[in-house]
Amino acid sequence: MYYVVSIAILVTMSLALARALLGPTVYDRILAVNMFGTKTALLLSVIAFLFGRPDFLDLALAYALINFIGVLAVLKFVQDYTLRHRGRGGGS
Amino acid sequence: MITLFGVFVSTLLVITAIGMVRSQNLFGAVMLTGLFSLQMAVIFFILDAADVALTEAAVGAGVATVLLLSALALTSDEEARRRRRRWVAMTVVSATTLMVIYATFDQPRLGDPEAPVHQHVAPWYLAETPRLIDVPNVVTAVLASFRGYDTLGELFVIFTAGIGVMFILADGREKGRLSLLPSPDAQGLRHHLVPRVVGRLLVPFIVLFGLYVQFHADFGPGGGFQAGALISAGMILYALLEGESAALRAVSFQALAGMIAGGAFLFVAVGVAGMMLGGHFLDYSVLSSDPVVGQHLGIFLVELGVGITVTGVLLTIFHALSARVQRS
Amino acid sequence: MEFLGLYNYWVFAVLLMTGLYAVMSKANLIKKLIGMSIFQSAVFLLYITMSKVEGGTAPILQPDAVDQLYSNPLPQVLILTAIVVGIATLSLGLAIVVRISEVYGTIEEDEIRELDGE
Amino acid sequence: MDAGLDVASWILLVAGGGFIFVGGLGALRMPDFYTRMHAASLTDTLGTILVLSGVILQAGWSLAAVKLAAIMVFLLLTCPTAAYALANAARLAGQRPQGLARHQKGC
């Protein structure tokens, strides 16, 4: 049954990758990266059990903690970007 | 079955890489870089390299995206359109790909226990680690003790890169001191209440997890490199949320410079201490009356030095780039 | 299943050359750096592929397991440090690109050449 | 008793896998950004809960279960927050839901 979940997660990963490649907006790409990050954390925890070495859950924990930073960095990037372009050109 | 998973993810990896190169929008390419790193981590994990996967996770998911985005904010996020096709490059690359693939037919297949790599040195490391060093994680033992010279060299590469970024991005106009300081009105994401509350909750856990990875390196995947990347990711999260000046109030530039130099110094000092006590450079057995205890002490101190320097360098690079973003 | 034993090496070859193509033919300097990091990752993949042993597990010794095979720790050690060195060199490259963009106002290689020619 | 636990964790795992797949499908097939995000973020949260609870049942009382619970808590905190931050960034940059774009150009 671990295999069933792993395959579902892997297929979802490829769907997310398709979304990231298709775009069309930058936000779709960020959404895809964020989805992919969550799926990676899940996949790593499932595979750790599949291997029978649950001490490797640290990796999934690292992703659960850190995946968030990328999205926040993007949010800040977009905020700075819009601020700067409004400041320069007037209006968005 | 697991092998098939690996095949599937590596196919995704190739698609992602081609997407990265083809994408006209650099922002999209950076997002795909994030995906690429996640897939690499999964493949590393499937191929039994837990330590490497943890490093890729710590570096790729947190730090790399943030640094690339800062660089994009300073330059431009669109690649200029080229009409001319690069046929020469395409031909050379395709021909070389075919040649490399042809060469792989002589390679031992994946996981072959008879492959030449597994015949020399590695079996000795695996067999002798319990007796000489007595830590379960052979990767840590090899990294810090058996191949300490390598690690020292790598640490100095990182050290040099940190110093280099400092000098390249420091503003020469203000005399006498490197002015990498951000403008004091940098707000970060203070107006966004929800991410701010959740993020502030996460920061201590990330740093705590980094410390766990640092000090648990003997028993599980971990070590100075991973811990340094994790802790700096935590501090970068704080800087994103509260503004860079708040982060610099917590850990100042002077402290970061001290960390960069101090960690490298600690590593060398442990090596020299070994020489003083009558052993070779980076020979930890002489650090204590019991050689195994000496090895434990040496590995602990060396990993600590690595962690301190990596944290200092990554944070310095982040602050140097983001101070530029605010000034522009 | 047998032919899949070399699959990782093929992926390595394609990734290596994708990175090389980006470094050679793209004019945008950040794109070149991204290509360089793809190239680096390809090398990481090659090393880690070599470290795998069939039926083995990660080289963290389990005291109670008897006759357990372990994967080769040495390539893993080399790549572990190389990843952090990779991010450090990437950021050094980014810093140089940022300075170039400030001085020339562009990060396209051919435009920089034209500006230099004048 | 053990068989019961096994069956429960099977059901949880398979249901979780199903939700995750549906979420991925939604993220690919939905017509505009906000609906795609709706599909992806909601199923992400539910799928995470189901899969990780299923694995916790398998782990029993051990350090692994504690780590899994920690992963679950952190993912449950960060996923909705990331979705919120993303929607906020999109809104800030002037991305509009598909239906609104036609009717309310003014605001």
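Points to keep in mind about this one:
Note that the chains take the letters A, B, C and D in the order they are written out, and that residue 1 is the start of every chain.
Basically, contacts are C-beta pairs under 8 Å (C-beta built on N, C-alpha and C of every residue); 3 or more make two chains touch, one makes a residue touch a chain.
Bear in mind that the values here come from a model prediction, so they are computed numbers and not experimental data.
Of all chains in the assembly, those touching subunit A and also subunit B are C, D. When chain pairs are compared by their number of contacting C-beta pairs, B-C comes first.
Centre-to-centre separation of subunit A and subunit C, using mean CA positions: 20 Å. Distance between chain centres (mean CA atoms), subunit A to subunit D: 11 Å. Here the spacing of subunit B and subunit D, counted between their Cα centres, is 29 Å.
Here the spacing of subunit C and subunit D, counted between their Cα centres, is 31 Å. Annotation for subunit A: residues touching 2 or more other chains are 13, 16, 30, 32, 51, 55-56, 58, 61, 65, 67-68, 72, 74-75, 79, 81.
For subunit B, residues that reach two or more other chains under the stated contact definition are 50, 72, 192, 195, 198-199, 202, 205, 220-221.
Looking at subunit C, residues 57-58, 60 sit in touch with two or more other chains. Contact between chains, using the touch rule, shows up for A-B, A-C, A-D, B-C, B-D.
Across the complex, subunit B is touched by residues 1-2, 4-22, 24-28, 30-31, 34-35, 37-38, 41, 44-45, 48-63, 69-92, 94-99, 101-102, 107-108, 111 of subunit C.
By the touch rule above, subunit B contacts subunit C in their complex via residues 3-4, 6-7, 10-11, 13-14, 17-18, 20-21, 26, 29-30, 33, 36, 40, 43-44, 47-52, 55-56, 59, 63-64, 67-68, 70-72, 74-76, 79-80, 82, 86, 89-90, 92-94, 96-97, 100-101, 104-105, 107, 109-113, 115, 117-118, 121-122, 125-126, 129-130, 136-139, 142-143, 147, 150-151, 154, 157-158, 161-162, 164-165, 168-169, 219-221, 223, 225, 228-229, 310, 313-314, 317, 320-321, 324.
Those residues of subunit A whose C-beta lies close enough to touch subunit D in the complex are 1-2, 4-5, 7-9, 11-13, 15-16, 18-19, 25, 27-28, 30-32, 34-35, 38-39, 41-42, 45-46, 49, 54-55, 57-58, 60-61, 64-65, 67-68, 71-72, 74-75, 78-79, 81-82, 92.
Interface of subunit A with subunit C (complex): residues 51, 53, 55-56. Those residues of subunit A that touch subunit B in the complex are listed here as 3, 6, 10, 13-14, 16-17, 20-21, 23, 26, 29-30, 32-33, 36-37, 40, 43-44, 47, 50-51, 55-56, 58-59, 61-63, 65-70, 72-77, 79-81.
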